[in-house]
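Chain naming follows the written order as A, B and C, and within any one chain the residues start at number 1.
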Amino acid sequence: MHMSHKTHQTPILSVEDLSVSFGGSRGSAKILEGIEFELYPGEVLALVGETGCGKSVTAKSLLDLIPQLSRNRSGRVAFNGRDLLDLSSRELGKVRGHSIAMIFQNPQSSINPVFTLGEQMCRLIRMYLPDEIKTLCKQKMVKEKAATKQIAQEKLAEVGLTETDRLLKSYAHEISGGMAQRYKIALALLSSPEILIADEATSALDVTVQAHILRLLKEMSQKKGTAILFITHDLGIAAQICDRVAVMYSGRIVEIGSTLDIFQKPLHPYTRGLLEAVPKLGRKEPLRFVSGMIPDLANPPDGCRFHPRCDHTRAVCSKQRPIIIEKEDGHFVTCHLYSATLPDE
Amino acid sequence: MTLLLFIFKRLTGLAGLLLVLSMLVFFFTRAIPGDVAALYVGGNAKPEQIEKARQELGLDKPIHIQYLRYMGRLFHGDLGLSLRTHRPVLKDLSEKIPMSLELVMLALGVAVLMGVPLGAIAAIKQGSWLDELIKWFTAAAVSIPIFFLALLLQLVFFDQLGWFPLQGRLDSMLEFTHPIELITGFSFVDSLATGNYTAFFNVAWHMVLPVSALALGSLGFIARLTRSSLLEVMNQDYILAARASGISEGVLYFRYGLRNALSPILTVIGLSVAVLMLNTFFVEVIFNWPGIGYYALMAITSLDFPAMMGVCFTIGSIYVLANTTTDILRRLVDPRIK
Amino acid sequence: MQTNDFKKLAREALADHRKARAYKLRLFLKKKLAVLSSLALLIIMLSAIFAPWVAPYPDQGRGDINLEERLQPFSKKHFLGTDIYGRDLLSRVIFGARVSVFGGFFIVIMAALIGVPLGLWAGYREGVSGAVIMRTVELVLSFPSVLVALGISIVVGAGSMTALIALVIPWWPWYTRVVQGEVLSLKNMLYIEAAQMLGYGHFYILFRHVLPNILAPVIVLMLLDVGPAIISIGVLSALGLGTQPPNADWGLMVWSGAQNLLGEWWIAIVPGFAMFLLVTAFNLFGDALKDILDPN
């Protein structure tokens, strides 16, 4: 089933019924079940959920970055007219980094510690932008190495980094988290990808640095037209830069809508619970949190996976899996509460 | 810290260790039970002769004077006279060390050149039958005691199959007809350099069994370490990030993976030098190879103190030097090391 | 209300952990190699302990000479042949197992008993005492270990016990270094900080939080170390510095049997092979355990 945005654009990425399981000796665990969402050009979509809900697995599975799960994926991921799940590793290698880039939670450990930042960046520049190097060589009458370095310095400046000369010669352990993440963003945007996946990209940073990085991402998205899939567990962050929000729970997407819709008119009980659990200044009531724990993936609850913790659960919730319903234009929810034909208790 | 500072620090450490080593060696030999002077003179010695010998050897002076004289001579490279061969220990050693080093370096070379690729293959094909096979093989390789392996090789390849000679460095006939003119002391190198091809091939033929015995244990160890180190590296975040940026698996493994895994491998290579030197002892005795191990054995059994001191000091120095070298190499490869 | 919920969560997490341990045991049993090596080890160790009853000729195992039957190959009477003194080789090997097994465990356990607490201290407390410990470790490790043990044995005098103690001396620093490294990385874990903030005493933290987490890698290290320890004992004995004849010792037997290699080869090869088997069994066992306890 396809969801279409208000403006009825064509999505740049369309995930249909993506399921990923992990076979173990205790039986297989369904890590992702029927994930469906669309990403539109230039927009920032948040993928929000608790730790362990599978949001990171979703992102990595798009690009087949988890070798153990390669063969256990089903569904379809349409990108540029092709199904990413069907591509050979060579073809996928052309997509990764080139058309779909990714940045991760811990920027410093994502940089190879034994090479300088410059060495790693220049290698990618040679991979993505060979023509640009050649033209620069001819223009400025310089050698390849100098041209590459110049491009590197330009790109680093674009993300707000200074002292680029020194930076290129330093190593991962010599720079701060904020600088490292800016560097990683610069690398990711080198090839002007259509999509940037940010997997908890700000979670390991200080709050002030977080704000800067978020602003940078938004800027770059607008400047270059890159769509961003922003994965986070923090609703507040999602609210800051995202156009739309997708809420995930235990391997399923439970609600998708524009940021405004999600925050002002949350539909799914889980979304409501998340929003109520965010402390607000000035509120004097005790903090309400969603009781219970996330389900064991090897033995998930039947029917709707959230029903054991839900305040509005009915008999049908433990028997049947809810389907996606478009409650209002562009606002989708997966919950029996909103079924057109709601069976009685 | 910068590379130069690191090297400097390491070299001063090396000097310090050598100093401690010299002290240890000195006190060690003084602590061994047995009357040196009496042994020097030999059996049926009259008390005056023993006393004279004691004075000659400086053993009558107080211990700190002895130590200072020892250190003084050490700085001049004078390791004393061997009580057994009655030649300067330094001269003895300079002949014997290259013999042993031949074996050790060849064995180390074989162990690294075969061990690293073997471990890498096991890591790349983790879980496959090839990986299991290599795991079995290396587990066995590190479990064989060296003296057993040497004897086993002799039994199988000489006694049963007759492919390789039993002992020695050169067929005794060839010692006369095609003697090797020693330049560096490495018979392998010298025979080649002087165009003495008959001797060269003969020495090579003699070397196969001892080098194999020496190399096998280190080969297994290096292979296992390469495997586990590479596997650990491939699980790191930066490999994931590199894969996500479109870098192919092949490049990931070889340009990134191995390079990152190099540090612990280098450490092990340094340690292997020590193990190999110890094992050379057994291999030399079993294969009758005239190297430092053989010399050490003779020194111990005849309580030849200067020779013992010289051997201990030399082996200790080589070990410390090898470790310092690998430390520096590791710093070159991995800038995180302090 | 909040704290009770947290306690419940903690209890549930602990229950999960216990389930995980049982699961690991089942995993271990599934690995054929692990089971095989465990069995082999059990057989060898039991034979070593009950040597006087298991060996067909226990007196010869201990050293009695039997010159009429010397240098015999494999036969029904002497399953593995006899040595140059006519002693039944099978019995000799079984008695030799005692030395090797006991010696191996002795060295490893003593080294751990010394090295692990020092490592815990150096890693947890750091400071001046920690630095002193680590410098000592580095100093001892700067010198080739077996040569150090050799030197000590020569000075103190030959003997099986002295050889064992001499081997412990260069052996313990490895444990200190490994443990210190683990403790250092563990200290950064939040739950240690949490325990400290909650006011728990240092020793309590060390025992209940730090120790259980370093136990797994240390035990794996110990098991994988028994093999090298056994070989080192063999080396010292072969040089005449360990077990003294006529006691049975594999290293000694191989070395003295070497003279007859080209004729009565079994005298040297059989005990050597026994050593190989035992060390391999320990290594395989340790490997299997490592895959489960400390996969990293």
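Methods note: a residue touches a chain if its C-beta (ideal position, glycine included) is under 8 Å from a C-beta of that chain, and two chains touch if they have at least 3 such contacts.
What you are looking at is a predicted structure, and each value in this text was computed from that prediction instead of being measured.
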Which pairing of chains gives the most C-beta pairs in contact? B-C
By C-alpha centroid distance to the whole-protein centroid, which chain wins? C
Can you compute the centre-to-centre distance for subunit A and subunit B, using the mean CA position of each chain? Integer Å is fine. 54
Subunit A and subunit C have mean C-alpha positions lying a whole-number Å distance apart equal to 49
Averaged over CA atoms, how far is the centre of subunit B from the centre of subunit C? Could you give it in whole Å? 25
Contact footprint of subunit B on subunit A as seen in their complex: 63, 65, 89-90, 93-98, 101-104, 106, 109-115, 124, 127, 171-173, 184, 187-188
Within the complex, subunit B is touched by subunit C residues 139, 142-147, 151, 154-155, 157, 227, 231, 234-235, 238, 251, 254-255, 258, 261-262, 265, 268-269, 272-273, 275-276, 279-280, 283-284, 287, 296
Touching subunit C in the complex, subunit B uses residues 17, 20-21, 24, 28, 31-33, 135, 139-140, 142-148, 151-152, 154-155, 159, 232, 274, 277-278, 282, 286, 300, 312, 315-316, 319-320, 323
In their complex, what parts of subunit B are in touch with subunit A? 236-238, 240-249, 256, 259-260, 333-336
